[in-house]
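Next, two complexes with chain A in common: one pairs it with chain B, the other with chain C.
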Partner chain A sequence: MSSFAVRLRPAGGPWTDRQAAWRLGAVACLVLLIIVLMVVFVAVRAWPTLQHNGGLAWLGHGGDVDRQVNGMITTSRTPPATAYHLKAWPLVYGTLLTTLVAVAVGLVFAVFSAIFIVEFAPRRLRTVVVPAVRLLAAVPSVIYGLIGILVLAPFVGRHLITPERRASVQFIVQLDGTGVLVAVVILTVMITPIMIAIIVDALIAIPSGWREGASALGANRWEAIWGVSVRAARPAIVAAAVLATARALGEAVMISMVSGSRGFSPKPQDGVTFLFEPIRSLAASMVENVDAINAPAIRSTVYAFALLLLLSSLVLSIGGYVAKLPMRRQGIRI
Partner chain B sequence: MEDTRDLGPADPFLDRSVPSLAPPVRRLRPDRRPVPVPVKPEDDPLIPVRDAAAGPERMRVENLTIRYGGEAAVKDVSLSIHQGQVLALIGPSGCGKTTLLRTLNRLTETTTSATREGDVLLDGEEIEQISVTALRRRIAMVFQQPNPFPMSIFDNVAYAIRVQNAKRPGRREIEHQVVDALRRAGLHDELAGDLDRPALRLSGGQQQRLCIARAIATKPEVLLMDEPCSALDPKSSAIIEDLIAELRRELAVVIVTHNLAQAHRVADKVAFMYLGDLVEYGDVDQVFGAPRAQRTRDYVEGAFG
Partner chain C sequence: MVTPVLDRPPAGAAPSPLRPKPKRDSPRDWRWSHRLAFAAAWGCGLALCAVAAAIVGYMGYRGLQYLDLGLLTSRPEASLKQDEAGGILDPVLGTLLLTVLGIGIATPLGVVSAVWLVEYGKPRALARAVESGIEVVAGTPDIVIAIFGLAIFQQSIFAPLSFTASGGGVFGRSFLAAGTMMSLIALPLIFGATREGLLAVGALTREASWALGKTRICTVREVLLPQVRPNIATGAALGMGRIVGDTAIVVVLLGATLQIEPQDGIPGIGLLRGTGSTLTSYVYGASPAGEGNAPQKAYAAAFVLLLIVLLLNAAVDAIARRSSRKAS
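Presenting the complex of A and B:
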């Protein structure tokens, strides 16, 4: 036992600072290199789609995106340039719609429930709720998808969508329950626990002296919490939003299950019907085209979707960093 | 008047005559020496007459008892707090000084197990009758650890003003109030007009003066200070002590301190607490120079605590 413990130590004794710096630096550089190589690889593979669609024009709208993609399957090994033609706007729109609404709604819920858990909940409740929230944050997303498609979507289809509404759009899309509403609700439920967990940790870490100081100045409890604690926890709130957005953007299987999975752009002008119309996100499109991945045009298209997601997560990280800069200037380090 | 008492070995940190430590502010009691060596009353030819005119009584504590659960932290304490005077609460750790202080602005209520008996009056009115937020606006507090909010210097002082107004005033409306508070706290000149600097980048002593500025910005009647210098270096402490001497002209100050020399320097009245009891309460020179109780004598001689 003891000889085993001894052997766990590095052969040449403990690392010197210089050794530690080099070795850890090498690992960090390797990670960076892998990320860069991945982006480059995806970009190269996506190139035919970008090239044949004229740069970023493929993000525009026009035609039925599902039909365009299906048209790619039948093409030969060296497809003509026209086979790559695609207007991916409905997918981008579906991604943005679900993500932004879910993050916005989830963030409001997360901030208020975190405040309640940390500041108002009885201690006993808090010791139960916090681990439960962490558990929820770790639930695999496909389980949320399952609940969405087996419970929520049938309920919406049966009780919320009237036959008249269904008939009104029957020549355009089928309203079966899956769609914008269920996708956004399930996505919100999925990303809120992780945001709550992050914000709870931040609020707990706020020095009690700040809140007490605010109380001593005549602030009531809510004013002290909102004006000082939450204000000081803003970096964590930004971090939570960034993480949740990244999760929502990349969510594939669950969205594919509950969104109705049609490359369709519902219009908010349609009123309530809008809520029940199907959509599809970029990530879901990638998953669903896996069967046909051997068709060169489809493969390139899927890589183009992947590139878009990679770049948006990059923009997201940078955006989060920039958003935190003014707070860091004030010396907030949470 | 020459003080001929044996003052013991001079402590360089406490000796205010060292030039680098002497701030340009007018000293209120230049004759006050730091080392509190009690002498027998009969040997002391004269108890110095206080030069501070005691103003009207602001607060009165009557038969106050505070319990945490069943245990009394403050037992049957009665004293009064006057405008224009500094009351120092001294005593060993855990003897109820801070509890007494925090009761004055009802901060002990945030501890759920705490119960109170007896009266605490602010200008003759029972503090429970005053809404807690209004009370804390009239009785400001400075804490042991400087606790500026993670905002700019301006916003820190403005927070106090804004939180006390139903309608959030804009920057221009309150700018003169903020500047005035910083000036009274002796911080304004050091900032050189840059009020948008992050408060957390200030030094510890500056942070504490910012907290004082924040506390006095809305012109409270009473200022409570819970060991305001214990986290500070001697120079910063000296500046804050001078500030206290200045501030007491406009409000009543209650200060908890473990530093007897500091209590001797800044206080007009001293209350010595031991295990929750108010053992001795009187003029500073009487408590330090001619303590009535043996326990006070032992404590100010440094025998325990």
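Presenting the complex of A and C:
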């Protein structure tokens, strides 16, 4: 070990503490520089789209967004202002729809699973559940996407979508199994482990005296868990939801594989058909258009999507950090 | 010494309890709504296990069905027919190269940032900004990081680092570009693990070293870093898992060409400047969503990918177990 340390010693004498603080601090501040650069670079490249569409009006709805984006590919090197025309509401809607539903469903699952892991699971079972959660969190998104497109979507297409249902909308969209339902189900499976990890950490960190106090006052075990532990861990639950939202918003590859990839806004009033209609999210359309990124109008559009995602994830990350503060103030570090 | 009569238990009878025995607190005695919640918790926990088992089981079944040695050792070919699409040698090598690059850049940065934050951390406001900055990077979607990397590496000063078209256009795609951006998604994990490790080292350890006349930086190098090495290893393994599993950065910044295509020039550098693919981009391309449409190849590659991720997970476990055994 000492030889290792000797090798690490820099030439030109050992650093003084003042030098070390400066040098290490400079490296640590790189991350702030990267964030600033990220916002600046993405914003600069997104500027033409914002400029030619009048600020945030491109978030509105009107026309077929797929056709608008595909039209940009063919424009010349110096496209006219009209080439930037974009109404991206279907993409925003697709992103929000999948994210919010997945987070809402996943949160319920996550809270109960976390309670199970911390309070109810017998020791033996816990040594199975915890690695299972870690595994689900570690599985690459492309594998989830593969399972979605090769297993779930064909199943939905074959068994859940009746021919009549398919015929009823065949002039508007093709229902082939990929769509809202599969995307939401897989997204839920993907983000639930992230939430479980945060909530489990918080539940473990709650001092057991608090729960014992409730028991001493006559609460049964569930009342003590729900009324004291879960209640005290509320900031962590909020943080988990917020951070999972950030993760779900940016999920590109999996959504691109299983969502049908069509800039379409499914309408809830369609009833059950709604579940099978295709969507397209912002992140997915970025991945799909990256090959055409040398066309100026496409580039600006893709960077506008990136800017939107970047700013929302920035707000959500800081929101998650702030949400955890009340627990830190009580001396619980999560 | 004789105890007073009143305090003595009556002969032959068991001592009567001072208060009634508490009611049993088993779910069977709970109100039905609490019992329902109890069942829901069990259900969710078991469902998690079932989903994980189903994914691993299904991928394992499909992988073993389609994977063979020839597939692992032959290079992929562009073909519409699945039988002629070749193997997955290049994606496997690409994954390894990219992981080494990314983790090689991320580890020093993450460790140094964590050391500065815990051991120096002055001014406080800056330290807090760095800490939340890293959380921001952790929360940034990989596709945004990828597209940001494209904007950076398309700048002409970085042209020597990446694939350049024959006409002189800078494409900003190479192993170097992808590796640099991959380091950003591994950085928060290494930073977090190192920080937790440093915070767990007791104050006495530091004070003992200072009392011997060591400077702070010397303490870090010779006392603290060797102690938190398991934490750094854990963070690095987690980071490698993230890099191995990432698709968006590969598709955007590595070009996702089927074969590894080195640039001309010095062999090693040319490789780093060249484009290629990884297992993730191969799976994406070979799935029905991509152009290849070779589901059997996609299953085989996904199986290899899952194996790598499982191995890294096991490594994290092994490190944790070893260091906890050493501590006790």
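Here is the rule we go by: the second predicted complex is superposed on the first by the 297 of 334 C-alpha atoms of A that agree within 3 Å, B and C clash if a C-alpha of one lies under 4 Å from a C-alpha of the other, contacts with A are read in each partner's own complex, and residues count from 1 in each chain.
Definition applied: a residue touches a chain if its C-beta (ideal position, glycine included) is under 8 Å from a C-beta of that chain, and two chains touch if they have at least 3 such contacts.
Given the structure is predicted, the values throughout are model-derived calculations rather than measurements.
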Discussion item. Quick check for you: in the superposed arrangement, does A:268 touch first (chain B), second (chain C), both or neither?
Written reply: neither
Item to complete: With the two complexes superposed on chain A, say which partner A:257 touches: chain B (first), chain C (second), both, or neither.
Response: second
Discussion item. If we overlay the two complexes on their shared chain A, which of chain B and chain C does A:220 touch? Say first, second, both or neither.
Written reply: both
Discussion item. By the touch definition at the top of the document, which applies to A:122: first (chain B), second (chain C), both, or neither?
Written reply: neither
Worksheet item: Does the superposition put A:212 against chain B (first), chain C (second), both, or neither?
Response: first
Item to complete: Would you mind checking which one, chain B or chain C, touches more residues on chain A?
Response: C
Practice prompt. Name the contact category of A:138: first (chain B only), second (chain C only), both, or neither.
Written response: second
Practice prompt. Could you pull out which residues of chain A sit against chain B in one structure and against chain C in the other?
Written response: 215, 220, 223
Response to the item:
Per the touch rule above, chain A residues touching chain C in the complex are 1, 4-5, 8-9, 14-17, 20-21, 24-25, 27-32, 34-35, 37-38, 41-42, 45, 109, 112-113, 115-117, 119-121, 125, 128-129, 131-136, 138-143, 145-147, 149-151, 189, 192, 196, 215, 220-223, 226, 243, 246-247, 249-253, 256-257, 261, 283, 286-287, 290, 293-294, 302-303, 306, 309-310, 313-314, 316-318, 320-321
Practice prompt. In the complex, go through chain A and note every residue touching chain B.
Written response: 207, 209-210, 212-220, 223, 227-228, 231-232, 327, 329-332
Discussion item. Under the definition above, what is the set of chain B residues touching chain A in their complex?
Written reply: 105, 107, 110, 132-137, 140-141, 143, 145, 147, 149-152, 159-160, 163-164, 198-201, 211, 214-215, 218
Worksheet item: What part of chain C is in contact with chain A in the complex they form?
Response: 25, 27, 29-30, 34, 37-38, 40-45, 47-49, 51-53, 55-56, 58-59, 109, 112-113, 115-117, 120, 122, 126, 129-130, 132-145, 147-148, 150-152, 169, 184, 187, 215-218, 220-222, 226, 241, 244-248, 251-252, 280, 283-284, 287-289, 295, 298-299, 302, 305-306, 309-310, 312-313, 317
